[in-house]
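Labels run A, B, C and D following the written order; every chain starts at residue 1.
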Amino acid sequence: MSGTAVHSLWTMAAPAADKIPAPKIEYTQLSPVLIVFGAAVVGILVEAFLPRKSRYLGQIAVSVIGLAAAFAAVVALAARGYGTTKAHVAAMGAVAVDGPALFLQGTILLVGLVAVFTFAERRLDPKAHGRKVDSFAAQGSAVPGGDAEKAAVKAGFTTTEVFPLLLFAVGGMLIFPAASDLLTLFVALEVFSLPLYLLCALARRRRFMSQEAAMKYFLLGAFSSAFLLFGIALLYGYAGTVSYSGIAAVVDGTAKMTPALAATTGNDALLLIGTAMVAMGLLFKVGAVPFHMWTPDVYQGAPTPVTGFMAAATKVAAFGALLRLLYVVLPGMRWDWRPVMWGVAILTMLVGAIVAVTQTDVKRLLAYSSIAHAGFILAGVIATTPDGVSSVLFYLAAYSFVTLGAFAVVTLVRDAGGEATHLSHWAGLGRRSPLVAAVFAVFLLAFAGIPLTSGFAGKFAVFKAAAQGGAMPLVIVGVLSSAIAAFFYIRVIVLMFFSEPKPDGPTVAVPSAWTSTAIGIGVAVTLALGVMPQYFLDLADKAGVFVR
Amino acid sequence: MENLIGLLVAVPLLGAAILLTGGRRLDRIGHWLGTILAAVSFGIGAVLFFDMLGKSGEDRAMYSHLFSWVPVGGFQADIGFQLDQLSMTFVLLISGVGTLIHIYSIGYMEHDERRRRFFGYLNLFVAAMLLLVIADNYFLLYVGWEGVGLASYLLIGFWQNKPSAATAAKKAFLVNRVGDVGLSIAIMLMFTTFGTFSFQPVLAHAGDASEGKLTAIGLMLLLAACGKSAQVPLQSWLGDAMEGPTPVSALIHAATMVTAGVYLITRSGAIFNGAPDAQVAVVTVGAVTLLFGAIVGCAKDDIKKALAGSTMSQIGYMIMAAGLGPIGYVFAIMHLVTHGFFKAGLFLGAGSVMHGMNDEVDMRKYGGLRTYMPVTFITFGLGYLAIIGFPGLSGFFSKDKIIEAAFAKGGTEGWILGGAALLGAAITAFYMTRVMLMTFFGEKRWEADAEGHEPHPHESPKSMTIPMIVLAFGSVFAGGLFSLNSSFLKWLEPVTGHEEGHSPLSATTVTAGTMVVLVIGVALAWLMYGRRAVPAVAPRGSLLTRAARRDLLQDDFNHVVLVRGGEHLTRSLVYLDHSLVDGAVNGTAAGVGGLSGRMRKLQNGYVRSYAVSMLGGTAVLIAATLLMRAV
Amino acid sequence: MSFPLLTVTAALPAVGAIATAAVPAAKRTVAKWSALGFSVATFVLAVIVLVRFEPGGERYQLTESHAWIKDFGVRYELGVDGIGVSLVALTALLIPFIIAAGWHDADPLEDKNPNRRWRPTQGFFALILAVEAMVVVSFEATDVFLFYIFFEAMLIPMYFLIGGFGDQAHEHGDDEAAKQRSYAAVKFLLYNLVGGLVMLAAVIGLYAASADQLGHGTFSLQEILQARAAGKFDLASSTERWLFLGFFFAFAVKAPLWPLHTWLPNAMGESTAPVAVLITAVVDKVGTFAMLRYCLQLFPEASKWATPVILVLAVISIIYGALLAVGQRDIKRLIAYASISHFGFIIMGIFAMTTQGQSGAALYMVNHGISTAALLLVAGFLISRRGSRLIADFGGVQKVAPVLAGTFLIGGLATLSLPGLAPFVSEFLVLVGTFSRYPALGIIATVGIVLAALYVLVLYQRTMTGPVKAGVEGMKDLKVREIAVVAPLIALLLFLGVYPKPLTDIVNPAVGQTLSDVHKTDPKPALEATK
Amino acid sequence: MNPVNYLYLAALLFTIGAAGVLIRRNAIIVFMCVELMLNACNLAFVTFSRMHGNLDGQIIAFFTMVVAAAEVVVGLAIIVTMFRSRHSASVDDANLMKL
């Protein structure tokens, strides 16, 4: 008796339902994401199966190869025209493969790659028990200063899990700006946030602060994602769908009307409140005022390589998502959201710049600077023109490398307690170590938007787009806050070059090739995008069209 | 011949350049080089003069255009020269007296280690002064004008280690600068009125311009003249300028530079002729100054300062004459030339006295010097007679003519001016007699100084006495020569024009009056300083005397109003610049900093308060979005 | 394609900066000679530019044009007019002197900084060359954006020059000196950066306006001028005014114009004399130059609209700067305030909008550069000898160092515009140019002449004359190197004072074109008496 | 029953959750309040799904649960580590970083 026959003794076939069609997944087009997640899984396996000694190199190899391959895939996709002519929404409407998505994915992958270099650094901290150590806790779960930790250090434990965590975060970030429906957006958000929460908690030094940062980031992140989700629910309630194109059609009034739809679209409050709440979720991630307060604390507490990665990549991903939301889903109601975003942008620029003036910790300073920069980028977002998109794309690329580089430099300046992030310790750095100080000065000048650095080109691009989009007042506020911002960047330069070094001041550790490469890439990109931005502007231009 | 004109300036200028940049190796020959070059310049002047004499009156002017200097749109300034009879007169006076004073200085400055530089400055002065008088446009004249100011500055402050000399030099330059502003405004006015500032077109078309414009130009020129010629109200620098070496006082502050104002007004006669109001201003300034200077001259015990007051006063005469218009121009210049001789001679004499008296300048410490330095006494005496207008000597002719012309102005104005001129003549006689008596007559009053050095008065070396003798000849004969056959009048008339005035008094009456006041002045002086012994310490004196000693309080006025006021002004501006202008910016920065400090407090570290701000932000976001739709 | 002469002129000092910076720490002398060599070579190139420039020819000559940042409408466009070429020449002329004058200014104090990687000498000279390169580009650029980039970028090397290499001399000791220095550097940078950022807003506005009117955004000066001539580019007057104000603000900070001037005395006071020369004689000229080129040519109507206010500010600058100069206790601050007064003259000349005024202003830029360089460099020699900048610490210097005193006096006389020296010509032209249109302002401005005499002579009197003060006795006279620095400048002052025609011939056509841009003709004299 | 009432309930739950985050000090409870907010969202999704007659909302609700579960894993890990090192679960005790 065949199995089926036996089976049929006590079962009967249900009336044949309609065949559920297998989802059509364009694996090649999603390959960047898949490669990264694949690499992350491999990383977990490495963690599980490789002996402790070889994990470090194994993880680095997996991460670097994974990210490089993913980047190659992005380039290949772009070369085959997926950024322009063949742009479309893949994976059953879940993920867009278009210019902005590919551009931002490429940026995130490069940022991730450089971040891997800084994660891999093992020469800065003094050797513990004869072993080189990195910036991460020996054992994340051990109580700081407790016996378990001491034992872990002695045993030479290292948290090589950070590499897969980074890869998972990168994977989420790749999807985030490409997400083409709200559910994917939410899932991607969580996928990249959760590893970041963990990474924040893993600092080797100052673990209380690190854990506190993680806790704050986690609670506030979860809080904000709840808002985001509720906003998604409202939008879903309004449009009856969570796909971007579907909502856009409803907003524009081109969707096919059903009675249910007629009932809900009668209530614009659903749309407006939903929009506001979703926007809030994204603004939280980009660090816009008044949703910025996590930024300084988390940036300060997290291990500096993580801060660099987070500051650069999160911003890219979140702005990508925000752009897509505003340009694809909500252009029909831009008269509603533009004034509100104006307010947010102005507030963000000014608060970021003003509060930074009195900061005394270099990491917090950079955090507030990142807030001000979020304001500048928002000015470009608000333009609602093709130029607006491409200028934001360019800015993000330029900004992320400056940020990575700057935080990488922060890891170099150390004293007995680890990194010496208090600004007073930076006095006279230019005398002790002219090269490091000069490099940091280049990054600061780029942040300040001095010509011939990428910061200037980026700032010019977004302001130009804003002006052409009719937001001249924003440009003026932007210029004003740039002036305020310039003050504190210069303050740091003064400190480094014109103050006498303190006798017991920190030393500049000589980094290994990893960090050197990371910093070198940062400087190179900063200058290249400052002097010869045209190629990248072209790229951003070509990538400036969303698919819906 | 025209090509030689430029050399007049070039030769001494070259001398200045060589002497000032040549360094120590020229120390031994520097003074000779300077003197020779000045003499060469005089020689060139003489050649040109004889060439000029060979031509008829109207054709005597020579022109030489070198190159275009500042061509900008309608503004076309050229380096060009114009040598006519007026210029020629000055050229000869400047280079002639200049050469003499070079010679004199060889002896006078013998022991000064910086003698080479002194000669360099002298050459520079001669060059600038010659440029002033041969320029063919006001703009180039301006260069000479400031050039002599510079030379004057350098020479007054030649003994720079003396703070008083340095201060005096600075003061002279500054006061002159005020006058210079007048000249520059005059040039600008000419440019906007005539489109040019060359003598020929401006003066030829002066009649076409409105009287208002001409008056404005005239007043500005007068301001310039006041500065350079030490006329009230810009006279204060001249007394202090006596800090300079005495040859400088003789050349610059008596014979030549200070007369530049007279030259300027005479040169611009066509402008003043069309601007009666400006002329009134000129004669007023002249009359006031001639009395002012004379009064100051009476009270000074410093021989050079007394002479400086006299210079001021005599130039007052000239300015007044020039202000009279065509009836006075020629006599202004004539007095200028004779004054050049006798005043230079007087100063050289004073220098000779000082040379013999350990550089003592206080006349109360002189007395009875006629026996110790006979040559000085005689030449000085001749100069004295000339200046007070002793009949037959130079001053007699020139001053008399001016007094006549003043009366000839006619009307009340004529009486006032004539009266002032006569009064001035009396005072001149008084103060010059006083100088003469205190210096050369009476008992010796000098004593050993604090270090026990008693002066041993002695006659000066030949290099000093010869120029004095030459000048004395000029003081004696120049006036007569010029008046002979009205030769000077005929010489200058083609340039300045001349009119006979309608004097209410006959020439004889005026001359007689002049003689009377002269005698009164001399007699009064003799009564006060000849018959009685001169106290070695100045008596307190009357209010007027004390005021006159202080230059009639003009310096005090300047000090209180300009110096003090200026100090307060600058000090308060420095304060305001720091507190207000800078403070506004710093205040903004501090404001941002304060705001930052306050906003920072919101970041209180409590995760729950962060959540509150997020919730509040969301609420605002929602409300704003809804509101936008509602609006 | 012809030889890119202008690019090479600008690039050479940049190459020099890199080469100088790369010299090993121990070979300081090599660095100095390298810097001097490059600056002299640049000067040679500048002279070639000057010779190749044909006065009265095309408006912009030796032009180069390449695409650069297409997206921003930015082209790499160079070209010089008469004013630009003069200022390029001035810059290239002054830099060798600045380098030679600062020969020992950046020698490190060995005992204080034992760090072998610290290379102040190399840095100092490299920074000077970097500034030169950027200034030259600013004078050559005919693309607004290109200009703007270098206008802003030059702040950075200047900032390090001011803050990093100040005079050690300070009445309250080294620490106070360092504090003051960094304050001055920060103030310099912030003022100029704020100005630049305001201008950035206007630059962006210009792009938006041109994109709006021409269909594509452009920064090319020539293209904009041609489009306006063809009636295709016509800004609304309110737009034009806003843009004008944005540009002018930046230039007025740089120039500087009262009341935006307060950074200059600090910057010049705290920096070494050669750097102070670099600031006032070279970098600040970019501000006035840009007013003439960009404000007037891009926004003619708005320029005319703003003229009354600007002229009043300029006159205030003239008198205010001079009065404050009188009240200073510090030699370099005094010269700084004098410069403010002089910049007032330049700006007044520019906005008088007459041939004389603008030609005078253009000449003034050159002459002021030379005369201030002469005065300041000698002042620097003086200060370095005594180790103090306070006027009160000097006295009787002429007794011990007559050549120093003499050159100082000549520099001072040039500063007070003595006839026969170059600044006189330009100052008078500015005055007459202003007077012919605005008589009252012209007359008020002449007060500045008197005050100039006051501050110069007071300075000279207090430092050089009188009895020899304690601390001055052993002072050495100028060395050969120092004389070699000052003498050519003085010679040039004399030459340009007597024969400025070569310069006026170059400048006049450019001024004529600018005036026709703003549709202004000179006022006619009341009666034509010339012919 | 009118499905709109479920929406009101969802909004109420969401508000209670948000208020809890603001009011409560214990990190665990704060976290539970966040979970409550997520559940409120789920309720809203399901309700809307019902109103529109499609299944999207319900599917999303499942996803949300999964995500919330993942969040719990990470969140509890962090909170527990915190507690172990400080012996306090109060969020107010964690304010080393401020200003």
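Here is the rule we go by: a residue touches a chain if its C-beta (ideal position, glycine included) is under 8 Å from a C-beta of that chain, and two chains touch if they have at least 3 such contacts.
Predicted model, so just to flag it, every value in this text is computed and none were measured.
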If a chain touches chain A and chain B alike, it appears here: C, D
Pair joined by the larger number of C-beta contacts - A-D, B-D: A-D
Computed distance of Cα centres, chain D from chain C, in Å: 65
Where chain A and chain D are represented by their mean Cα positions, the distance between them in whole Å: 24
Distance from the mean Cα position of chain D to that of chain B, given in whole angstrom: 96
Between chain A and chain C, centroid-to-centroid distance (C-alpha), Å: 45
Chain A, residues touching no fewer than two other chains: 215-216, 219, 223, 227, 296-297, 487
Sequence positions of chain B contacting 2 or more other chains: 589, 600, 603, 605, 607, 611
Shared-contact residues (touching 2 or more other chains) in chain D: 18, 21, 30, 91, 94-98
Chains touching one another, given as label pairs in label order: A-B, A-C, A-D, B-C, B-D
Residue ranges of chain D touching chain A (in the complex, touch as defined): 7, 10, 14, 17-18, 21, 27, 30-31, 34, 37-38, 40-41, 44-45, 47-49, 51-54, 56-57, 59-60, 63-64, 67, 70-71, 74-75, 77-79, 81-82, 84-86, 91, 94-98
Residue ranges of chain B in contact with chain C within the complex: 20, 67-75, 79, 139, 142-143, 145-147, 150, 153, 157, 160-163, 165-167, 169-170, 173-174, 177-178, 180-181, 184-185, 187-189, 191-196, 201-202, 204-205, 208-210, 213, 566, 569-571, 573-574, 577, 581-582, 584-585, 589
Of chain A, residues touching chain D in the complex: 140-141, 143-144, 146, 183, 186-187, 190, 194, 197-198, 201, 207-209, 211-216, 218-219, 222-223, 226-227, 229-230, 232-234, 236-237, 240-242, 258, 260-261, 263-264, 296-297, 300-301, 364
Residue numbers on chain C that touch chain A, as the complex places them: 67-72, 113, 115, 117-119, 148-150, 152-153, 155-156, 159-160, 163-164, 175, 178, 181-182, 185-186, 189-190, 193-194, 197-198, 200-201, 204-205, 207-208, 211, 217
In the complex with chain B, residue positions of chain C that touch it: 190-191, 258-259, 261-262, 320, 323-324, 326-328, 354-356, 359-360, 396, 398-399, 406, 413, 418-420, 424-425, 428-429, 431-433, 435-436, 439, 442-443, 446-447, 449-450, 453-454, 457-458, 460-461, 464-468, 498-501, 504-505, 508, 522-530
